[in-house]
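Going in written order, the chains are labelled A, B, C, D and E, and every chain counts its residues from 1.
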Amino acid sequence: MVTTYRRAREQRIDSLVNDEDKGTSLWASAWERLKYSPLFWIGAVIITAFVLLAIIGPFLAPHSPGDQLLIGQTSRSRNEIAPAQPGFLLGGDTQGRDLFSRLLVGSRQTLLVGVLATLLGLTGGLILGILAGAFGGWVDTVVMRIVDVMLSIPSLLLAISIAVLFTNPNLTSVIIAVAVTQIPVFARLLRGQMLAQRGSDHVLAARALGVKPGAIVFRHMVPNSLSPVIVQSTLVIATSIIDAAALSFLGLGSQDVDSPEWGQMLGEAQDRIDSHPGLAFWPAICIIVVALGFTLLGESLREAIDPKSRR
Amino acid sequence: ASSDRGSDASSTAPGSGAPGSSASGSGGTSGSAGSGGGAAADTFIFGAAGAPSMFDPLYATDGETFRVARQINEGLIKFTPGTADPEPALATSWESSADGKTWTFTMRDGVKFHDGTTVDAAAACFNLDRMYNQTGAGATQAQYWSDVMGGFKDQKDDAGQPVPSLYAGCQADGNKAVITLNSSTSKFPGVLGLPSYSIQSPTALQQYDANNVQAQGDSFAYPSYATEHPTGAGPYKFQSYDQANNTVTLVRNDDYYGDKAKTATLIFKIIPSETARKQELQAGTIDGYDLPNPADWSGLKDAGFQVEVRPAFNVLYVGLTQGNNPALADLKVRQAIAHALNRQQFVTSQLPEGAKVADIFYPDTVDGYTDDVTKYDYDVDKAKSLLAEAGQSNLTLNFWWPTEVSRPYMPDPKSVFTAFKADLEAAGITVNETSKPWNGGYLDGVEAHQADVFLLGWTGDYNTPDNFIGTFFTRTDNRFNTGTQPWGAELSDQLKAADAIPDKDQRDAAYVEINKKIAADYIPAIPISNSPPAIVVAGNVQGLVASPLTDERFASVSKTG
Amino acid sequence: MLRYTVRRLLQLVLVLFVLSILLFVWLRNLPGGTVTAILGDRATPEKRAELESVLGLDQPIFVQYFKFLGRALTGDFGQSTGVAPGTDALQVFLTRFGATVELAFGAIVLALLLGIPLGYWAARRKGGVLDSGLIVVSLVGIAVPVFFLAFLLKYVFAVRMGLLPPSGRQTPNIDATRVTGLFVLDGLLTREWDASWDAVKHLILPWIALATIPFAVIFRITRASVLEVQGEDFVRTAEAKGLTTSTIRSRHILRNAMLPVITVTGLQTGALLVGAVLTETVFAYPGIGEALAVGFTKKDYPVIQVVVIASAAAFVIINTVVDLLYAVVDPRIRTR
Amino acid sequence: MEKGAHESEPLPDAPAAEQSAITRDADVLLAVDDLKVHFPIRRGVLFDRVVGHVYAVDGVSLAVRRGETYGLVGESGCGKTTLGRAILRLVEPTGGTVHFDGEDVSALKAEPLRQMRQRMQMVFQDPLSSLDPRQSVQSILEEGMRAHGIATAGGAGTARLKELLSAVGLPTSALRKFPHEFSGGQRQRIGIARALAVEPDLIVADEPVSALDVSVQAQVINVLSDLQTDLGLTYVVIAHDLAVVRHISDRVGVMYLGALVEEATSADLYAEPSHPYTRALLSAVPVPDPLVEDSRERILLKGDLPSPANPPSGCRFHTRCPWRQPTRCDDERPVLAELAPGHRVACHYAAEIAAGTLQPHAVETDAIP
Amino acid sequence: MTEALLRVEDLTVRFHRRGVAPMTAVDGVSFAVSPGQTVGLVGESGCGKSVTSLAIMRLLARRGNSVSGTVDFEGTDLLSLPLRAMRDRRGRDLAMIFQDPLSSLNPVVPIGVQVTEVLERHRGMKRGPAMREARELLDSVGIPDPSRRLKEYPHQLSGGMRQRALIAMALACRPRLLIADEPTTALDVTIQAQILTLLRTLVTEHGTALIMITHDLGVVAGLCDEVNVLYAGRVVERADRHELFADPRHPYTHGLLESIPRLDGDPGERLTPIVGSVSDNIPWTDGCAFAPRCSREIDLCRQVTPKLERIAAAGHLGRCHNPVEPVAAHPAEHLRKELS
């Protein structure tokens, strides 16, 4: 209760210390910190490379990912798969398809899984979070109880639950399954932010100005609540990719034979891992590097926009 | 229902033959010997893929339960190791009347159940009557009875009519058990070798309320007989089921009538993951496991493990649902599909060593086998022209394949689908792919005729053609929906008639004819392959005889070193 | 405090109730199911119908639910149909819960033992090579799929090098007595050291695999929290009082920095369960995670129900306990 | 600062009983009658129950005339902000009424209330946090205008914006900038301009200068008083700095624990503080003059402000009052009564204290051994 | 005046940040304090008051800044002392209290422990005696019911009591120098009066030297013997308090006094604020940092950096090329008469 005066003063001092008299915006000052963060740069480079790959990768693929071009060199009974050879950089997979082409095409699928699952989860979370945060009261209570129930189920179980609902497991079902698990996370985060915004002075000021409630929510509260949500999204892309892989591992992943996804490739390679480690190794490495990239990016962003870490 | 197996295991005082400890002599030497794991010579540890349902085989249908039950129990007959042919077990001999309706079994003398009671004709009849007398939940669970014998004693169908049964009764006549049937069937006597037809101790069955199966919500609760006190006459006795450590422990039955078990303790260690089983074997912590991935065979062999390949006793087929897609009603289209599939390439690239392309719906080890049927070689052009003839050049098929499953006839459904999808597309057929979990829509959907084309197969229970094609096509509302075709009822009648022929040679001839017609005129499905499943044991294991019926008996198994 | 506990427990009941409805309805609407699980590929329409009526599955779903609820309230969740068929589902859960507790507890202890000191260390050397290195390591820990890591560990240490058993919970024929159901503890209680050691050997690799994510999270939260606390005014006050570094570290920095770590540790129990599903599957470790994975493929509804409900309860209870613990450590809450 | 006009003119008699007369008085712009804001304290096992209240504002009556500046002072937590917000109905009052220009604000429905807000505006204490960091100054200023249908587009709008900026002394270039690009004083000017944009009659300024350094504070104070002169605004200014309040207010209300304890013209109040609390407050304010500081007599209050959730019985101030008299002060809550014309005090013994017939108790000294 | 206890010479603190030029927060500040004397450091936010005090205590972060100059405490240069030795002195010879009493107390440690830890550290006392001593300390700073308070946590105390507890901690080892950095800013005026009285008693009765840092000229006027006005990291004016308030010479000091609305001033009077804000400063190297805001700026101001030199009576130093003319009559003369 001790004077808002003190708090305001501290903020001012804080802004003085940090922003050299001239305040800078959240993201601008975050950028100042990020510029010198090697972790951020590593993450950024990985992600850029990955996104580029996802865009052009499928065009670079020397073969169609579904063609069993090397089936003649494949034998399950002798546990033989086609070795690397001219035109087939990494050899074939258990079905005699070109592993390298599948990896290239898989990059796009993997990016799709990560990004779409995140977007979907984000949208769901936004809706719930905005509902709870904008209305408060019983709406908040109801929404948050739902979120509590969702959160009390470990995320992978939720994903499994959703995945089994789909009778035809494919990329879409994986995306939806993973997305659903992210909804409560986003909803929580956003609701917290929205509630904080609700009590903030500038929202009060808008109310005092007679701005209509809808405009207050969408012009003031939502935009100002989004920063941590954006950061979280970066991290969620990484977990989505990993979760999709975990679903594949449990046999619940995409079964689409024509559009390979790295997690799916890793899942399929499980039982050959000791005789043909390459089958699992390449998709695994790709997943790890990309997940690491997003995590690095997300964590360094998180640190950069966190006012607490500004000291 | 009693279900405190776990607490039972945890409350027993140390040392007093605790269920969790090995009861053999090595128990005294404690840790150092025990920690040797699979290395102890008088203990055989087998990696099981799943937990047994319980230990009363009457109510079971699954291999994991049967595997344990086969060690504990015997039936009137059993299968000669390594074959599907019957040989004497609790009965030393048997004969049937000319009409095939009366079967007389002569019981072996001096055999005792594990509880010390005597195995005699009365006990045999008691068991068969018990099976026939199942009611309520027990009746729904005793599937091998209803599959083979039909109805139960008091069973009524929806119209209130008694459900017909093959079984008429059993009389104990001195040391002879006389079983009467309502009609002749090819299934007899082979079916008596199935674990479900095991002869168990009447005393124990009564004492532990064996028939008291209760349906509860999603599931069944079993009486303590089935969970704690299975009492058979087999070479091993049930000792414990340690759920905390996922192991079932059996110990040698020293009163067994035949050759005593070679190892004092037989442990089934439940390891659901196939890879984990392999690695445990490699690490020496188990002595063997079932159904190694064909891809691992060569590697395992190279590493000194014995991969025992069983004779193939199964069939994989591509089912064509009649009456679903109008195009499939045309025989030409079905023939075209048969020509389109490159079965040979699939078999060589995706199936284990020893797998063969199948021309009919059962392997050559089954009676009434013939390869003198119409053959559909891989021929894309032929397929295309047949399709063109049928006016189906733009055919689109809804192709279903299962996930979350691996079967002996189909180790990796995805690879089957991948291969055949490509083949069909090469023949100009558009493939709409639908994948569903095995028990998560696939079986249900296929049964409900939702697919045009689907993958399925069958592993035989015993050696009769009826067990294969009889199961597939006798009903007309089967999964191929043959009833919608004019020949569906015809095929059904032929099969029924063949099954009832008492004379084996006549019967076999009848089946050969049926196979020819199926291949030439009907094509309700396209047989793909017979693929041999394997069982693998460590290099120091002797005496395991692989069985086409997966009926391995571990009593003969021993370990060196 | 008591009021808080009661409140949380009542909320828990509410959550469990809603969860049980959702779960029930959802499971019953899945394709496939018990009937298919029991009948397999031998199903015929008559048999299906018969089985459905015997099991009461042909009744309206709410009737089924209230029957289930009635039984569940007496502790009867039905019998397992796939994981350990024929065994009471609650019993399956309880037996396997012990296994998961051993696994999860060990993992979280491992994560705390490594995460806290390293987190502190990194924070004190913020921006240094060591700090960045540890951050990257922890993030790699997050980025590597748990099952893949588990697989690698098993392959290298168990299969290739043969140092540790590749799977399972205890060597089957070891002479071990069960007392509590926690194998490591049992061995210690009965002085069967070899049994304990055997159980520990089975646990080492799963522990490591399962601990990576909690470690990363705890490490990072410790680091962030130490960074924050060490900039607080009261630390400066402590410095101004001339206190020794060790007093400042233990009494002023760590005691405050541990508060978020406690909360996060509680929240990690959820993540541990997820990790357990994967880790236990890879290591064929008979815990509830494996039960769930198997239960899902085998459509073992009773087990899924009891495991999901019980783990949600466990999650909430653990977090309640953690909150209470938090209150014990944080007087601002305790003395409110 | 030109405000002599109002200063000399004492307000008409306004005892509590005749408050309704005030609400009808055409000269009175704002009339607050027995306003109460009680924040419930909720706690409960499953559902939250109200277990008590924070009596943030507990029966405040006051009237503000057109063109006047009314100052509110008091210690932290005494309810100033809550009162200010309750006047604008930014918090819902628990009881009492607020009449603005004869209209009962406390009874307005949502839409009329929103429209009413055009006429009553607020300036916030913390200049940065009360500005949306994601909006440019232009959109901050236009927002209110748009909400009330004041033309914002085209030349008229631009002209209006420029006018607003120049009124608070900011360059036109500020329009495209964002709040963080300004200094504290400039931000507060933006806040004032925002309030002005909708052409209000009343501005409630909640500690408008507290967060600013003295030099900047003076600039903002000047802006406020210039605007009043130019636009004839009415102000309610909340502050904890008595010097600031005295400087800008015509009349001042002193709050203690949610209630007014004294109200007078600012000249009167500082010349003849009559409530013991006001006296203590005035004696505690440091004066930047060593001579004054060395010579003045201090009334040191004991202890801290009691909790507004659990206010003392009787006179709220009796727990700390150096003039406290047995039983009456503890039991009977004094009403705000007229001591002299336009000078209201809520103290049983105000007259005696003013007359010097009642002496304070010896102040307990804080001593270092 | 007695021999100085603490002599700060040419103290300079620079902050280094990657990517930007080093920032000089304190720029050659010198002053001295004697036992029983109170020296004030005043100035607006950001002028370097806190940094000065932290530099004296050597409490600035270990990295990211550089400190030069000397801080002579009874003959030892604190700045060149090994850190270990400095730790021994902090809390014993020189103590400090901070602005925000809540955040300056460890929220999870009872008050008693926070007081006794100083006694245990510097006076080698055992728990029991230390607790007794702590109780007396709390009592002596005017905390009622000290035995109970010892067991309580900071959040259970009111703002004033927290600040008293902090003072008790600072005084535990009877330091000869106390640095108070805005000790009353977070407190209400009535509580501020209590704390200021306490500090005043401390200085007069114990002869403790006090460095009082504040932005409130009123507080300085009532408490300090000598006042240093800081601007942009430099002392711009120093004088005895009577001299300074009666006759401010630096335009900045003058401006500050002019912009404060005063209880003793004329209410209607228009305030004359200093124009602009701190952000308009120029570096000291380019002349006088205050020049851009100064009403008395002359050409010289932008060319030559002014030195701190005597501008009026003895001991009255200023840093200005064009100081304000002496005031004829004291502005508050009439009110002073009234009040006395």
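Operating definition for what follows: a contact is a pair of C-beta atoms (placed from the backbone, for glycine too) under 8 Å apart; a residue touches a chain by one contact, two chains touch by 3 or more.
Predicted model only: the values in this text are computed from it and were never measured.
Chain centres here are C-alpha means, and the one lying farthest from chain E is B. When every pair of chains is scored by its C-beta contact pairs, the maximum goes to B-C. Each chain gets one centre point, the mean of its Cα atoms, and the points for chain C and chain E are 54 Å apart. Separation between the centroids of chain D and chain E, computed from CA atoms only, is 31 Å.
Averaged C-alpha coordinates put the centre of chain B at 37 Å from the centre of chain C.
Per-chain Cα centroids separate chain B from chain D by 88 Å. Looking at chain E, one finds that residues 45, 100, 159, 188, 278-279 touch two or more other chains.
Counting partner chains per residue, chain D shows two or more touched chains at residues 76, 183-184, 240. In chain A, the residues that reach two or more other chains under the touch definition are 2-3, 9, 12, 21-22, 164, 167, 251-252, 270, 273-274. On chain E, the positions that touch chain D within their shared complex are 44-45, 136, 140-142, 144, 158-161, 171, 188-194, 196-198, 201-202, 205-206, 215-222, 241-242, 245-246, 255-265, 267-275, 277-279, 330, 332, 335-336, 339-340.
Against chain E, in their complex, chain C makes its touches with residues 232-234, 236-244, 247, 251-252, 255-256, 259, 329-332, 335.
Of all residues in chain E, only 18-20, 23, 45-46, 100, 102, 159, 185-188, 278-279 touch chain A in the complex they form.
For chain B in complex with chain C, the residues that touch the partner chain are 1, 3-6, 9-10, 12-15, 18, 20-22, 26-27, 30-32, 34-35, 37, 40, 43, 45, 50-54, 61-62, 65, 136-137, 140-141, 143, 146-147, 157, 215-222, 226-227, 242-247, 249, 265, 267, 269-273, 276-277, 279-280, 282-283, 285, 404, 436-445, 447, 456, 458, 475, 477. Within the complex formed with chain B, the residues of chain A that make contact are 66-68, 71-72, 74-79, 94-96, 164, 167-170, 251-252, 255-257, 268, 270-275.
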